[in-house]
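Across the two complexes that follow, subunit A remains constant while its partner is subunit B and subsequently subunit C.
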Partner chain A sequence: MIGFDIVGFMISWLTLFGIYAILSLTLNLESGTAGITNFGKVVFYGVGAYISATLTTYLVLMLNGVNVGEKPPYSVDGIILLGELGNKNPLLNIGLLVLSLVLAFIIAGVLGYLLTYPILRVGPAFVGFTLLSSGELLRIFLQHYEPVGASKGLMAIPTPFGWVAESRVREVAYLCLVLGLLALTYVVTYKLVNSPLGRTLRALRDDEIAALCLGKHVPRIKATVLFIGSGFAGMAGVLLAYYLTSVNPNMFVPAVTFNVWAMIILGGFGNLKGSLVGAAIVTFVDRALTFITPQLGITVISPDYLRWVIVGLLIVVVLIVNPKGLFPEKPIKTPAIDVVLEELRGGSK
Partner chain B sequence: MSVILEVRDVAKYFGGVKALDGVSLTVPERGLIGLIGPNGSGKTTLFNVITGFYVPDRGSVLFRESNDLVRIDGLNPNEVFKKGIVRTFQIPRLFNSLTVLENLLVTPLGQKGENPVRALFRNSWSKQERELASKAIELLKTFNMLHYVNSKISELSAAHIKMLETIRGLMTPAKLYLLDEPAAGVDYAMARELFTYVRKLRDEHNLTFFIIEHRLEILMEYVDYVYVLHNGKLLSEGKPQEVISDPKVIEAYIGV
Partner chain C sequence: MIPGMQQAVMNAFQYSLFYLIFSLPLTLSYRTTKVINFAHANFITYGAYVAILLHGILGSNLMSLAVIVAFLLTGSIAVINNMLVFTPLQKRGSSPAIVMISSMGLWIAYKYLLYMITDIANYYTTKNFVSYGRITYSDVPRGSVGGIDFSQALVASLVAASLTVVLLYILLEKTKIGRAMRAVADNPSLAEISGIPRALIINLTWFICGGIVGVGGVIWTSFSGAITPEAGDSMILQVFTVGFIGGLVSLLRTGIGAVLIAAIENVGIAVLNAFFGIPVSFRPFLTFATLITTLIAFPPLGAGGGLPYRFLRRGSKK
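Our next item is the complex of A and B:
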């Protein structure tokens, strides 16, 4: 029987959308508005996910008196213990969520700042590729680093709302958390774009040399933007780790970055609403395929490949109709617009 | 009259090309000084050295800071700007996705709203933003460009682009303006208008201008003093009439 759980579908789609939209909004700030080609978005996402996974699994075991030297969270014993101990104390779970979010923001942010500061001095063309390869280096490191489970990763991560008995309530509560953080990300990126800083970022994107000649400290400004964007990507990683309850190195391949790029190209470079719509479309295609294909019994084509084909086609069609994406960049809204309006109105009297 | 800029024995080589080969000159405060010379004589290179794009292979560049002349060679372009030097480019460099107004507003340094934390709190910068907008509007009025306030750069004429690139410096406390061929590609009437504005700025705002220009017929009418470069060396200098009748200059321009 083909049963279709529409509510379950909506919850899983919106949760994934929320997580990815945090990535697409901040990538749009970095690459769309400020013109930094960040091909390493997945690095900061992965760092955030691993921070929350490591912190949560180790602390839950240690605070419950388990000797993690003998029974580390990636061992079979550890995984079983995590299942038993993980959801006993709601305050601990929520506390670990908050701690993970804060640490992920700071560590991923600082990493973004440090990684890019020297690279940005070299020249824009190198930034993208250096970030891309840093991601791969990190992934290879994680694959061989035993304390975080090496290639198996970490599993049975206790989740913030794991103590809620009813699974639907738990899922909705988590969705609310994700959408809450998405709202925060939107407000922050929107305010940054529509401020003198946003104007300066567009100026750097348009002509770095001219900006330099007007005294702008180009490398520092770009690194600051990458601090902010990477910090939020770290938080998105935390949300992903708790959502999937597991992390492993293969979740953080460069394709994740390109997925986010697809969202901002589709939605429109420099337009934040476009990034939301782009994230919604791409994650919808992803969820829909994952839901539908098993029920249709298609086994020949993996939904993974089909997703890339569909997203690729969508991008081509949208760019043919409108090269700037679904939503072109809007003028910056600052009080200067009001001053001009007053002036022009006053002048015409 | 006190010196605002001094170039001492500056050399800049590109491989075997001696773009600058021991140039010394001074620019007086409130001067309107011309820099001429045939194509490839090193004029733009000199501006690039002064503004920190190139470190000279020899010699030094000094700029007035209150009562002293301090070395500025070796500083980065953004640091040179902070000292009070703005430049324009032979091929103008404006911010093409920004409007005319925004091109002016983006110029002042250290705006409150450029700080990423303050940017989040509109109240902390909106007053300054409104003041800057009023200042920008006044400037556009002065230069008869108010009707372009919301235009994109691509909608402007060549003359207005050159004008905008020059006047955005007026949003800052800069003292010395280096203009690289402001009249290139601009029709005669507009070019004269531009130079008239420049003279007015010098007179009314106590600014100093050092101007590269190929169109001597216009330049010579406005400048007080002219330097002539040829093959990276100073060939001649003096008042416009003296320079224009100097046989060495005529020879260089006709090309031998």
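Our next item is the complex of A and C:
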């Protein structure tokens, strides 16, 4: 081993795992449980990341009395000022984190809610394609919109724990934040999947017409699910922006969505534990490739490209070999079933 | 008169030919095989890179050579995709959505495989294959007729588009193979019972569809100023919207869609640019607006599992 920093590797892997696991849990809720072929996860992820980046950089400069008209955060002056001013006030940094998370949840959620309108009447192919192309449009828009830095993006974003001097402590604190939000996401999605709404979602996925005939308001249910899923994806985007401290349009390519798809396909459709395991495996391979390839002296092939090829092939191979994934979906046990079983055995009365 | 309008109209004509070449095979392949193939974008890019690698490594200037090689290569890729991925999945009874997701996986894998190939080619030849300039071919005529400039791309795409339309018409309407393809499209089980070799027909359809798109990719290299491994992806929105306007069923409506989208994009953005100063790079937004309008106003039913009903507003009793 040539200077292998095992703790650093673990922290970077777990942080990335936390961010991606939020995406995979909510995508599993949308696609695995509700059957909406969401190929546009990256839209809400990107919107969240850009909301936090824009909000944080502009507010930090404005609250410190800098004229952002003259020295916008994407200019060289702005970046230098951000580096000087960004990490001094703990209260401001934490406050901005909370504000970003709330705003990202609401804006990404509402965007997801609105995007369900055109796709209610059509099949999964059109749904998937519409969401996929909205991701590409977001990227084109960001590339040409000057106030968010156009194709260069925004850099030197002040982080919530930037005021902590020790870098290891800072990383661990951030990791705790990410894992805390992941736990929140898991609890919310778990409760939803095992609630009456979750069972309606499965009905909708397995037979939409039957669900409609049983009086379920299919459009509203789909919109609700996309609101929740997209909101959490927006929060994952916020976490990504603060983790990398920079955002640019090329981070949000469609391949990111399929990275998440690979996780839920590997873990198993409709199984939340599977999504966690899938996210852990895929992000581990990602981190390992990034750590190992430079040490092997391979420079011709970029680990990024290799990773995406692996992700693509993973989707195909898992679907062919084991379409149910590592953890197949299990039937839900409700209290009602226990009562029925008990009565069938003739025990209760 | 809006400045640049003549150019915009010429561009619209040029683009409608490209969209025709790219979208007709999409509709044909969906109709016959019932697979929504998102790896369609790869056929465009791989076709273009056949021409680029022939030009950059072997120094070939012949479009005819590139067209033949591209047709064989992308056609074979389509057949391999079908034999190794789509057919096994369909045989197991996977839903159309699962088959579609597998094509997404193929799309990502092929795309970044091409990035790796360009990096390796770049390493050995020190030429920049990730952004390659326009290729001027030696075997395609060009010139100016009646004040209209016929570029190589226009000549080649005009020939290719008309050949595609005419040959597809003859194939589908006049030959036994075409009748078999239509039979498989309409009722696969019945076609198989009446002795049509369904697997062979589907493979043949994939070969033809993949090949035609690859040829379109070759012609794209004589038009686009900078060809990147994203070339096909940047057109996927337009190509699929054109296909969706045709409901992925009707070849005629797909053709109309190609002209419509090309006109909306090129003429529309010229108008918006002249009056509101909207940058030309925002033209995909017009296509997206058309896509959304199509989905809301004329939801394509049936294709890809659409529902054969419309949602009624609550309380509307009529």
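The rule is simple: the second predicted complex is superposed on the first by the 325 of 349 C-alpha atoms of A that agree within 3 Å, B and C clash if a C-alpha of one lies under 4 Å from a C-alpha of the other, contacts with A are read in each partner's own complex, and residues count from 1 in each chain.
In this text, a contact is a pair of C-beta atoms (placed from the backbone, for glycine too) under 8 Å apart; a residue touches a chain by one contact, two chains touch by 3 or more.
Since we're looking at a predicted model, the values are computed, not measured.
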Which of subunit B and subunit C A:195 touches, first, second, both or neither: first
Subunit B versus subunit C as contact partner of A:311, first or second or both or neither: second
Which partner reaches more residues of subunit A (counting touched residues only), subunit B or subunit C: C
Subunit B versus subunit C as contact partner of A:291, first or second or both or neither: neither
Which of subunit B and subunit C A:137 touches, first, second, both or neither: second
First (subunit B), second (subunit C), both or neither touched by A:320: second
Contacts of A:206 with subunit B and subunit C, given as first, second, both or neither: first
Contacts of A:218 with subunit B and subunit C, given as first, second, both or neither: both
Partner chain(s) touched by A:334 [first = subunit B, second = subunit C, both, neither]: first
On subunit A, positions contacted by subunit B and by subunit C: 209, 217-218
Parts of subunit A lying in touch with subunit B, wherever the complex brings them together: 188, 191-192, 195-200, 202-203, 205-207, 209-218, 224-225, 228, 329, 331-332, 334-336, 338-340, 343-344, 347
Subunit C partner contacts - residues on subunit A that touch it in the complex: 35, 37, 39, 117-126, 128-130, 133-134, 136-137, 140-141, 143-144, 208-209, 217-219, 254-255, 258, 261-262, 265, 300-302, 304-306, 308-309, 311-316, 319-320, 323
Residues of subunit C defined as touching subunit A within the complex: 36, 38, 85, 88-89, 92, 94, 96-98, 100-102, 104-113, 115-116, 119-120, 123, 233, 236-237, 240, 244, 279, 281-282, 284-285, 288, 291-292, 295-296, 299-307, 309-311, 314
Footprint of subunit A on subunit B - complex, ascending: 51, 76-79, 81-82, 86-87, 89, 93-99, 101-102, 105-107, 109, 111-116, 119-120, 122, 125-126, 129-130, 132-134, 136-137, 146, 149-150, 168, 172
